[in-house]
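Here the chain labels run A, B, C and D in written order, and each chain numbers its own residues starting at 1.
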Amino acid sequence: MIKVGIVGGTGYTGVELLRIFASHPEASVQAVTSRKEDGMPVAEMYPSLRGRVDVAFSSPDKARLTDCDVVFFATPHGVAMAQAPELVAAGVKVIDLAADFRLQDVAAFEKWYKLPHSCTELLKEAAYGLPELNREEIRKARVVGNPGCYPTTMQLGFAPLLKAGVIDASHLIADCKSGVSGAGRKAELSLLFSEASDNFKAYGVSGHRHSPETVERLSKLTKDKVGLLFTPHLVPMIRGMHSTLYARLTKDIDNAALQALFEDAYKNEPFVDVMPFGSHPETRTTRASNMLRLAVHRPDNGDTVVVLVVQDNLVKGASGQAVQCMNLMFGLEETTGLLQVPVLP
Amino acid sequence: MIKVGIVGGTGYTGVELLRIFASHPEASVQAVTSRKEDGMPVAEMYPSLRGRVDVAFSSPDKARLTDCDVVFFATPHGVAMAQAPELVAAGVKVIDLAADFRLQDVAAFEKWYKLPHSCTELLKEAAYGLPELNREEIRKARVVGNPGCYPTTMQLGFAPLLKAGVIDASHLIADCKSGVSGAGRKAELSLLFSEASDNFKAYGVSGHRHSPETVERLSKLTKDKVGLLFTPHLVPMIRGMHSTLYARLTKDIDNAALQALFEDAYKNEPFVDVMPFGSHPETRTTRASNMLRLAVHRPDNGDTVVVLVVQDNLVKGASGQAVQCMNLMFGLEETTGLLQVPVLP
Amino acid sequence: MIKVGIVGGTGYTGVELLRIFASHPEASVQAVTSRKEDGMPVAEMYPSLRGRVDVAFSSPDKARLTDCDVVFFATPHGVAMAQAPELVAAGVKVIDLAADFRLQDVAAFEKWYKLPHSCTELLKEAAYGLPELNREEIRKARVVGNPGCYPTTMQLGFAPLLKAGVIDASHLIADCKSGVSGAGRKAELSLLFSEASDNFKAYGVSGHRHSPETVERLSKLTKDKVGLLFTPHLVPMIRGMHSTLYARLTKDIDNAALQALFEDAYKNEPFVDVMPFGSHPETRTTRASNMLRLAVHRPDNGDTVVVLVVQDNLVKGASGQAVQCMNLMFGLEETTGLLQVPVLP
Amino acid sequence: MIKVGIVGGTGYTGVELLRIFASHPEASVQAVTSRKEDGMPVAEMYPSLRGRVDVAFSSPDKARLTDCDVVFFATPHGVAMAQAPELVAAGVKVIDLAADFRLQDVAAFEKWYKLPHSCTELLKEAAYGLPELNREEIRKARVVGNPGCYPTTMQLGFAPLLKAGVIDASHLIADCKSGVSGAGRKAELSLLFSEASDNFKAYGVSGHRHSPETVERLSKLTKDKVGLLFTPHLVPMIRGMHSTLYARLTKDIDNAALQALFEDAYKNEPFVDVMPFGSHPETRTTRASNMLRLAVHRPDNGDTVVVLVVQDNLVKGASGQAVQCMNLMFGLEETTGLLQVPVLP
């Protein structure tokens, strides 16, 4: 049994890790830290876990994380980089669900997250935790930076087109929509039911942290200069993410060949479902599961290709992907503990 | 492997059976009938099942249900009683998720469902599929009538009080609230998003079919005459049911003893969670799982006891409970395939 | 033009007052106070009011509320009683949307609101602001305590039955359901979209502040001792309230006579709509309007009468009712500025 | 008083017309037709209108529409063109909320709506009912084709840029999101609460009827060839529309000048609100009102301008705009009856 520690178990990615591990056959949660909730059984805060999870929160000093085999950070940005060195030194693998180990460009990190990076040595060796594009690095990694939710959809949607060199990489547009849980479990007015329900809005249109991360990774797939216009929006639903990706074709390619680019790229991927050409994937078809589904369109047979990508932002967009990385890092079957069937309706 | 047939797989209880069986280790769906969708892969109608369920709908004549070990009817009332005799004669067990085998009182059935009962012989031997109150009958049954969603909550909430004889059985009140999926997958105006969202209403206040069913079963638990006032309401959420039960105490009993009635009654039940006295269970703590949770209150230490009961109407209130019955009928561990952790948030 | 001041304009009842006054022909908002937002145009916080409301928030010291004709307190409990004496002394009428002037029983107030009452003199003369039951007092009042949202529905639903003396007043049950805006605009985790959406729960079952208020007022309608069991629940919708009221009949009365009790009681009321016997009013039929609708049921022609009452908790349950009181206090037509048609769908 | 007739009053645009006219001081609804509901009071189907609207549905033959001054068609495509000639001949003005009089290109109409156009003579003289771009034609028109909901946002968002000639007209992208009421009041499975709630999806990506309409109208604003990629999505909210518009700048223009293009274009428009540069308009700030709000962005000061446009799809996107046209056609103040303040929260 893999001994798992979770730092920051009170947020949505933390409780989602707990939900996944409650039925993971090869791993067991030993410690969940929370400074504020020391001693409180996890199931008291989340009664959904009554009878299924019997650990209690413990303060970081008591949690003995160095006895774990792997520690997940489901914390604000900046926490993982402070604690990772001690853990890695003790032989513990680290998976950060925040941004500390996502961006290799330290200056970009410091600009967007307004934090000095305190752990650039580990950053250098850290693997970017998107298995479909980076599986071998993850297998060998001691530290994994789990991708942002939006970047997962943008990369898996644009990658086959960029690799094939059939689009203008300099003017990609990603019009993305996320359920409210993507903003985390924070007591903020704008996230109240009475504010976010029956409403739709864009946010961060002038610039969002997930843009540099996505550009950095996409740039590894092409020699062209990547330019990305990324517009996030907030949808009145709890879970789910839908990215509508636009790219201008630069090569003469027919629709069957376009579709084949995607089918070939993902034919062995257990968590990427390429739907028939022209489909309209719905976010709910991935609800509470680690599946990402996508479909390719070419409106009016014109020069623009549209890729629709959906996932559950808390699973493939966060905690499920992190467990997928853990499975790889420990030599388990990649799908272990991750085959929950989507909940529909 | 238990060979499973499903009649009527296009509705919500049908697709929920498919979701559960997709990860049930001891049973496998062989046939799903639909007259209209003959030949269509199930996963085409429900893309959430892509890659996980590969049967196609077949018309009833081709489905060869008599080769199955058990057939579930996820159909309108009246279908199961027409087909059950042939199946039972062929040695196939039958579990009906509709009302055909719920009410032993044929006259009451015919009054409330406006159908003549065509299968009263099998009705006599049919077991009422509420394991917590009727486990031994279910184990031996060839035919099971799966309870209604509301009746499950009302019976499990009132049963400990009635058995202990501490309440006035003649004036029970059940003020119940259901998510919209409880009304089924029907193209009706009143169920449209634009009608049911951001809205709340009661319905069927003058009388509802789940009332006679509940009274018939509760009457088996007490010698007193049972009187029930049942008021259903529609909540703008997909899944979930909350029943607020009121009963007047007739015995002098303190709160600890009240609580003990429930804890004793359900201490060995894997799917009934008695929460601490005075708790407020939320429907989402049971979402997509087979758990039912309840909590006991006694406002102002007065003479009325209030029991709050929550469940997922499609799981413990329908398809999960049906699989729980199947597990019993085939000698499996009762929880097999039913330990999905509730999805929260 | 009546000069209106609003203390606490940043919450939901405050912005609802602003919405109503934006089209009230006889009153004009002169000042809206907010300590934190001093100088910020109201329409910057609430862009729905852009072009329609051009006042800015001002700190209480600059607001010159004593120059107003009437001041509304859309504040937490305890604020109005601190400021009312100075205003009343200056000839300004006061309408409190919080609880300071609702309960004549000071001990009950102090027990439930955990505040000493600092203004018992004005409390004695304060009118309870439910026009349908207390119109003449309101007309003459200098200070009005606006009813709670739940109490409005409970009183208007039970009143005709209590006045007629046809029910057992000692065991009233009110099973009430409120939209989330009823909890106010507060940055609390339990009110987040991701917590409150797709969910249903009861709260405060062991005791709620609206109970003593309702009992005090209902007791004025009957010589019997009033006993009330009040159970509030939270519905995943922004606005709307539905109260399901249960009372045991003690007199032999037929359904037509029952219905007539309500029709007679409210036949001249512009904001109370008695629907046909046996109807199921929906909350959305009152959305964004000052209407309250109710319907009477008698399930199985038994001894229990059920009254279903709906309203918009922010209008008839709060700000609309407050303006209705103001209209009475200033001799205006009672419906002035309050005839917005409900928004459906 | 203007005598108003409504053909097809049972759908959402019909009931929205009724809501608006219930407080319109210069017009009065004389007849509402519905073949199926002949004789039923409108307020029985829509209890939100009880006490406010007292007409009943009448079958078309009894409705005497030729006695009206104006008739609105809130009907499926094809109905207005069949009935308009008789009405116009009788001196009645016609406003069609469907598509019969939107497209001057008859071939395009017949291709997209799969109907032969039976009334091309009136089509030629019909005015396109978007007052901000076509006010003078509307004033003089006998027949108005009311714009589609999406086209209203796309035209008002792109118009200032196209007129100024600062963007590449050939590659406009409109990523649009609509509340569910935009699909009408139809008993379709995909519109059920249990299907559309907690979900997000695109639809019609390969081609949508609102595209040719928008291109035809935008082409009048520029000599360049207009190319539009339009992607509609469905949002789990009742009302509201958000269009995210992308255009590549072809001229060197700074942000202040960009903003000025919009402020100048709409400075006298009562129903178009140009928000400060870089704002994020929310759909709820227009809920139940005739306002359209927009904001201009230029991410990273790059070569792409992004315009965010919001409106209530049933008001400015349909019935409110139709009444705005009527006001113009009858010489009334354009805002008459249309100054409802948006409902927030």
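Definition applied: a contact is a pair of C-beta atoms (placed from the backbone, for glycine too) under 8 Å apart; a residue touches a chain by one contact, two chains touch by 3 or more.
The model shown is predicted, which means the values in this text are computed figures rather than measured ones.
Comparing the centres of all chains, each the average of its CA atoms, the largest separation from chain D belongs to B.
Each of A-B and B-C has its own count of C-beta contacts, and the greater count is at B-C. Averaging C-alpha coordinates per chain places the centre of chain A 46 Å away from that of chain C. Separating the CA-averaged centres of chain A and chain B is a span of 36 Å. The centroid of the Cα atoms in chain B and the matching centroid in chain C are 39 Å apart.
Residue positions of chain B touching 2 or more other chains: 12, 179, 181, 185, 194-195, 197-198, 236-239, 281-282, 284, 287, 345.
Touching chain A in their complex are the following residues of chain D: 171, 173, 175, 177, 179, 194-195, 197-203, 205-207, 227, 229, 231, 233, 235-240, 242, 244, 246, 248, 278, 280-284, 287, 297-300, 302, 304, 306, 308, 310, 345. Chain C contributes residues 12, 15, 19, 22-23, 46-52, 181, 185, 197-198, 238-239, 273, 275, 281-282, 284-289, 291, 293, 314, 339-345 to its touches with chain D in the complex. Chain contact summary for the complex, chain C toward chain A: residues 12, 179-181, 185-189, 191-198, 236-238.
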